[in-house]
Amino acid sequence: VSYQFDYFRHHRIGLPECIYCEGKSVPILNRMLTELSRKKKCPVLLTRLSKEKRRRIHAPLVRKLDYHEPSGTAFLGGKFPKVPKASVAVVTAGSSDLGVAYEAVRTLDFLGVSARLFADIGVAGLWRLEKNIEAINRHDAIIVIAGMDAAIVSVLGGLTSKPVIAVPTSVGYGTACGGQTALNAMLASCAPGIAAVNIDNGYGAACAAFRVIGRKLSRSPR
Amino acid sequence: VSYQFDYFRHHRIGLPECIYCEGKSVPILNRMLTELSRKKKCPVLLTRLSKEKRRRIHAPLVRKLDYHEPSGTAFLGGKFPKVPKASVAVVTAGSSDLGVAYEAVRTLDFLGVSARLFADIGVAGLWRLEKNIEAINRHDAIIVIAGMDAAIVSVLGGLTSKPVIAVPTSVGYGTACGGQTALNAMLASCAPGIAAVNIDNGYGAACAAFRVIGRKLSRSPR
Amino acid sequence: VSYQFDYFRHHRIGLPECIYCEGKSVPILNRMLTELSRKKKCPVLLTRLSKEKRRRIHAPLVRKLDYHEPSGTAFLGGKFPKVPKASVAVVTAGSSDLGVAYEAVRTLDFLGVSARLFADIGVAGLWRLEKNIEAINRHDAIIVIAGMDAAIVSVLGGLTSKPVIAVPTSVGYGTACGGQTALNAMLASCAPGIAAVNIDNGYGAACAAFRVIGRKLSRSPR
Amino acid sequence: VSYQFDYFRHHRIGLPECIYCEGKSVPILNRMLTELSRKKKCPVLLTRLSKEKRRRIHAPLVRKLDYHEPSGTAFLGGKFPKVPKASVAVVTAGSSDLGVAYEAVRTLDFLGVSARLFADIGVAGLWRLEKNIEAINRHDAIIVIAGMDAAIVSVLGGLTSKPVIAVPTSVGYGTACGGQTALNAMLASCAPGIAAVNIDNGYGAACAAFRVIGRKLSRSPR
Amino acid sequence: VSYQFDYFRHHRIGLPECIYCEGKSVPILNRMLTELSRKKKCPVLLTRLSKEKRRRIHAPLVRKLDYHEPSGTAFLGGKFPKVPKASVAVVTAGSSDLGVAYEAVRTLDFLGVSARLFADIGVAGLWRLEKNIEAINRHDAIIVIAGMDAAIVSVLGGLTSKPVIAVPTSVGYGTACGGQTALNAMLASCAPGIAAVNIDNGYGAACAAFRVIGRKLSRSPR
Amino acid sequence: VSYQFDYFRHHRIGLPECIYCEGKSVPILNRMLTELSRKKKCPVLLTRLSKEKRRRIHAPLVRKLDYHEPSGTAFLGGKFPKVPKASVAVVTAGSSDLGVAYEAVRTLDFLGVSARLFADIGVAGLWRLEKNIEAINRHDAIIVIAGMDAAIVSVLGGLTSKPVIAVPTSVGYGTACGGQTALNAMLASCAPGIAAVNIDNGYGAACAAFRVIGRKLSRSPR
Amino acid sequence: VSYQFDYFRHHRIGLPECIYCEGKSVPILNRMLTELSRKKKCPVLLTRLSKEKRRRIHAPLVRKLDYHEPSGTAFLGGKFPKVPKASVAVVTAGSSDLGVAYEAVRTLDFLGVSARLFADIGVAGLWRLEKNIEAINRHDAIIVIAGMDAAIVSVLGGLTSKPVIAVPTSVGYGTACGGQTALNAMLASCAPGIAAVNIDNGYGAACAAFRVIGRKLSRSPR
Amino acid sequence: VSYQFDYFRHHRIGLPECIYCEGKSVPILNRMLTELSRKKKCPVLLTRLSKEKRRRIHAPLVRKLDYHEPSGTAFLGGKFPKVPKASVAVVTAGSSDLGVAYEAVRTLDFLGVSARLFADIGVAGLWRLEKNIEAINRHDAIIVIAGMDAAIVSVLGGLTSKPVIAVPTSVGYGTACGGQTALNAMLASCAPGIAAVNIDNGYGAACAAFRVIGRKLSRSPR
């Protein structure tokens, strides 16, 4: 079997191909990374690469990876040039949502977009959002990450005119339903114009934010 | 078939038997009301009595009912004596939740409890809750009624020390899932100590509030 | 009960308050519209106003409404000034998705944003998308509306760098699950950076597109 | 990232901030506990702290924790002063529900509320409830904990005038659906005025009971 | 299309073929009844025959039907001979469950089995079950019919040694989930040896009771 | 809006475009049929056209339709030439499945394929399948249509070497779950090599059978 | 905490109390078994006792247990006297269902009822059922155990007049849905009078069979 | 317990009995393989045999198995003779779907059918399908394997006249719902005549393809 990488995706849509590692065996990852690092077409992002799986990858390949454990991401072949004058606010409701937030921040970094993280400002202590709303509103797009009831999304959506990309997380138990409740609540939000991505999908939220602020440029890796 | 009314329920638990009309045919309702009005044991509450069904009930019986259309409730044989020095705040997120709110307010009235309705203060316009929170906090218990994302519950729960009884409503479409999303979000709320009742169950919320503020008294009808 | 309109929402977040008519009785709508038309604070959008419900609204109020039946929308007090140099492509997979598309187009019109409708270009006949992709890509944001398998979203997402807002529709039967399958497929799309709104929510997609292209301006009605 | 603890929550609502440990990594817990024990603002409750995770926490911090293994709870900085003349009955249907019951009892202890545990009195052997009902009814509020069919809730609800807070548990298999059946049955109970919290949420039930019996007091730790 | 009636079913398994009318058009029913009444092989039971559908059946055929409206059942060609010395208790939790109970009682009557109906004895008023348990226990099998929380099943199952066939009903709203909660609770009951049939399936419960008490006999119609 | 018919589909894949009428308004259908009958490119199949909707279509258009009420199908512009030496067995478990069976038979007729209907041979009376299995096995493909438990699929699948296309139907109530149980059972069948289409999708089963027996031919309408 | 064993259950309903070990910790089991073996009131059945958990029970207690690994059951204090002239057929569709079948057979043995196991006779090879049906029909009750599509239940139900207790199993993957599909199919079976117990509940099926064939006797342990 | 192998299945339906190893213990597998290898009736296929389970099988039996780890399949007693002039295209959307694809390819090999694998051609990079469609169309049947949104199925279904057997995979997270979304999308596909098998069921897809191209032959093993 030979892999059919979509090498020209970043020329076509501004976003490069990315390797989702969770469903792939180590031998398959080894073969993919070998081919990619040989061709050197463009920087590549790996997501959901656990510490354990990384340890079992062929050593010369591992050395080429810029790995970040809390987010489970790695860069192969550098990253994309900085997008000037654009930044994203990444907001989380609780500290249990940080893993997903790191995936978003690292993906934005890979794509060349500045991001600032506003952690732990759930609405059960409303003053936390009130204290930060002005700073949040200075960014071009807002990624808001929350599990359980996701109530922060509706409150924030009523306090900003900026694009809001909501990411449900699988934090919680019982009626949190592995993030399904947060997702449903975000989509049924009483605040207008909230759009959501898949549960725990920090990567997808970053890509959506990139589409919002980005421009399709012929970009070459640093 | 003869009905086995639980006549002594209000002596046993302070709350009287109640007739849920939705699943019962008109002939069955006629026979029940006939027997109840003959025995005159205590005031009886009817819920989910639609305008159409009420119209088809035997006329002499209808004249004995104190009916309130927006809530679909009726009293037979008066109501219970006033519970002194106790009141409940009934809060709704939107004006589509009013039907359920009326059911709660009327049930409280039947049980002898004062209530004040705070309608239409969803958190997409946060100032509405901020304007009313002090007045809400003056009551002994809070019934909060919301559909869709139910975000108001978590915000309110973080601003009050009073018992909060949350009622999800079936308002909305798609991922609102007929109230299931609101229910799940309420139970997974990041605010501590929120308890919920069934979807659209204004009656149940009023009974739960009565348990909170009430005392089991030998009470006789007015 | 008095309504607590969020009159200043468009000053706060650029998007005005909107009245969702499906869950509201005609008497409630009459009272709301009376108050709104008396205060004349800003243009108001009504959604999900069926032909039947509109017919039962108080006549002097109806005359003030700019009603559009296929989309179920009405404007009260005009619309917002034109947003210059911005437009949105509204794409549908099938002709059964047109009702939702009209809701999106009318909401954009109300908000002052130009839109072009690309109808009926599902991927079972791939040439339809190929024929239109260049024209679609000329817009600032893309709303893509599809039910059932929603396959068009992934294909389109791989052919454009523009922000893509996906709207699942409740078209279909059986495993289409009232739009849940389309929603889930959109969120699990293999194309990067797709964000979705609630099932059948053309209004929400338009608001999300407005956030993407809009700027929060002190705007006064025409 | 710095944590934004809601230090003043107990002044605002009578209930303090609490740390849910299940979704948090050991490094994050270490940093949180260090900051909290340095600031010494008020006693803190930790929930869902497994034996294994506790073992991996920084040793000087562990020594400061008052840990209770069967409930997975720990107190940092003591507990709240005793609430006089108030007590809660904690009732379980089976001995498999004990873990959740212990979480409730320990949380009540932390909040300064007396509790008595009535274990193992499911209604398949009805005499067990009949034997204990009088003693249960002497308390100010009743927390009833049950999985599977949760039938005890309806029977108990028909025998008491006290506030009943129902906690579904994830005990059982097949159609017990991880506690969803118990939750649904509790909310659809034929007994009036039952309110429920999330599945396995002994902590939340204790907080709800505290709201019922508690008063918002300026309280300082023992 | 010609119908392939399973005429010999009652010889094979003691239970005759039955016509479920809900999913069948009136023309199809007319053709079926014509053929059946011409062949006169054995008595036939019709279930779920609504008043409206019955009115539209060919008049000469209607006259041959022994119809009972509250249960929606009809007999064609008489019924089966009496099964001596056997009887079934049919117990319902509420008066909303009566329709299903009537279907069970009529099916038992058709099969020649005596039945006694114990209506309206839900456990929120426990004395009702206590008053009737001795009489219920005198029968050979017990059909217990309940919706919502179905708590009566577990209590009854702990008070009888007789075979218990549980029938969930679709009574209720919200978390009653159209009978799914009652079904799940019955199957997860803490009382041992409860078996259940489909939601609202009074007919099936009667057939299961017949299997329990019946014997396969060469039986000919009265 | 102009429609983008996929006129060349039958040249591309042997199957023509088809109009699913359920989600389309009468004005839209009128415009579509007008355009199609003017262009006369090839025969067109309409599905899910109810008697009521047909009555409201523009009269000159209705006269051009070859309509068949029990299946809800109509042909516009004739049908496709006969496929020689090929036939399909259409098997149903019960007489309530006939509507779906007629949709399959009519679609096959439209596509030029012979079909024979074997109705009402559910496995609760096993002799019915045993009597017909030899005749069924003489066909080139088998469409088997069943609701509820769909047990016939596994039995039949163990008695034939021919391609089996299973169609779940929405017949039944309660745990039949609108056809979801039948679908799940078909896909989890213990017989090897069963493939299924959507619930009630007689049209899709016929198309799948056509793919199996058909050849892509340049075909012109009769 | 002291346990409240329902010691008199077998006097009340003929079936003794049973200990479900899955949800209980080893310390709790030790304490329970110590108390039970000290009181010696009657034989006790333990279910879902894994090899691993058994190994960790206090050694003197383990020696008192009559343990059977494939079924995960153990007897403490012997078993109940033989029920004369009664036997149960235990039928499985596949060899993956054997674990559940063994639980049923061992429970029947504990209760004093003879059982014969008919394994591996799924209907994809119909001759296996045909070969065994006569022998199966010689028993007083039939427990039929099947996962996935559970088609055997409907076929068997059409070939026997005996009471049929159906047990769904969690065997399979995908649309088998952990046994939910088998359960739903059994309850929606086209064969009349099938009753079902919970998924994988061999114990419950045996108890239901005991109710069918048993009589409530004052029984003392062997 | 003795196993009742369906030895004559391949004579009856062309497809042999197969052993699904996931739900079976090692002792059971040992006994089955011993009996099968002694009787030598025909080649046998084992599926879902993990590396770990294989290691624990009795050594003399293991040596008789032709095992292939990536697919988890093994042949006992060789394979079936080659089916001449027939081949199947096996298409996957991503490289995470390869395990399921290998199961299909190995099953086809066992049955004597040629197959060619087209891996990694998801429609987010549409050129990959366009490049391969001509080669795919040269085969007699197409197995298409995809998880998440499964969009490739609808695009491919609109570009081929060949029988399409769709296999959903459990790849992905969140709204991918373990393959349920892919399954639902495939069955609701806008392309006509797609049939699907169970989630991850490469074996079943191969059997369905065999039914399509195969003929029931008296075949003896190589």
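Assorted remarks:
Labels for the chains are A, B, C, D, E, F, G and H, by order of writing; each one numbers its residues from 1.
Following the convention adopted for this analysis, a residue touches a chain if its C-beta (ideal position, glycine included) is under 8 Å from a C-beta of that chain, and two chains touch if they have at least 3 such contacts.
None of these values were measured; they are calculated from a predicted model.
Common neighbours of chain E and chain H, listed by label, are F, G.
With steps allowed only between chains in touch, the distance from chain A over to chain D comes to 1. The chain pair with more C-beta contacts between its two chains, of C-F and F-H, is F-H. Note: Cα superposition of chain B onto chain F, rotation of 180 degrees, nearest 5.
Separating the centre of chain A from that of chain C, both taken as means of CA atoms, is a distance of 27 Å. Separation between the centroids of chain C and chain E, computed from CA atoms only, is 50 Å.
Per-chain Cα centroids separate chain E from chain F by 35 Å. Those residues of chain A in touch with two or more other chains are numbered 6, 9, 94, 124-125, 157-159, 172, 174-176, 183, 187-188, 192, 198-199, 201. Applying the touch criterion to all chain pairs gives A-B, A-C, A-D, A-H, B-C, B-D, B-E, C-F, C-H, D-E, D-G, E-F, E-G, F-G, F-H, G-H. On chain F, the positions that touch chain E within their shared complex are 94-96, 98, 117, 119-121, 124-125, 128, 171-176. Residues of chain E that touch chain F in their complex: 1-4, 6, 9, 17, 20, 22-24, 28, 32, 168, 170, 179, 183, 198-201.
Of all the residues in chain C, the ones that touch chain A in their complex are 6, 9, 12-15, 18, 157-165, 183, 187-188, 192-199, 201, 203-212, 214-216. Residues 93-94, 122-126, 148-155, 157-159, 172, 174-177, 181-192 of chain G are the ones that touch chain F when the two sit in their complex.
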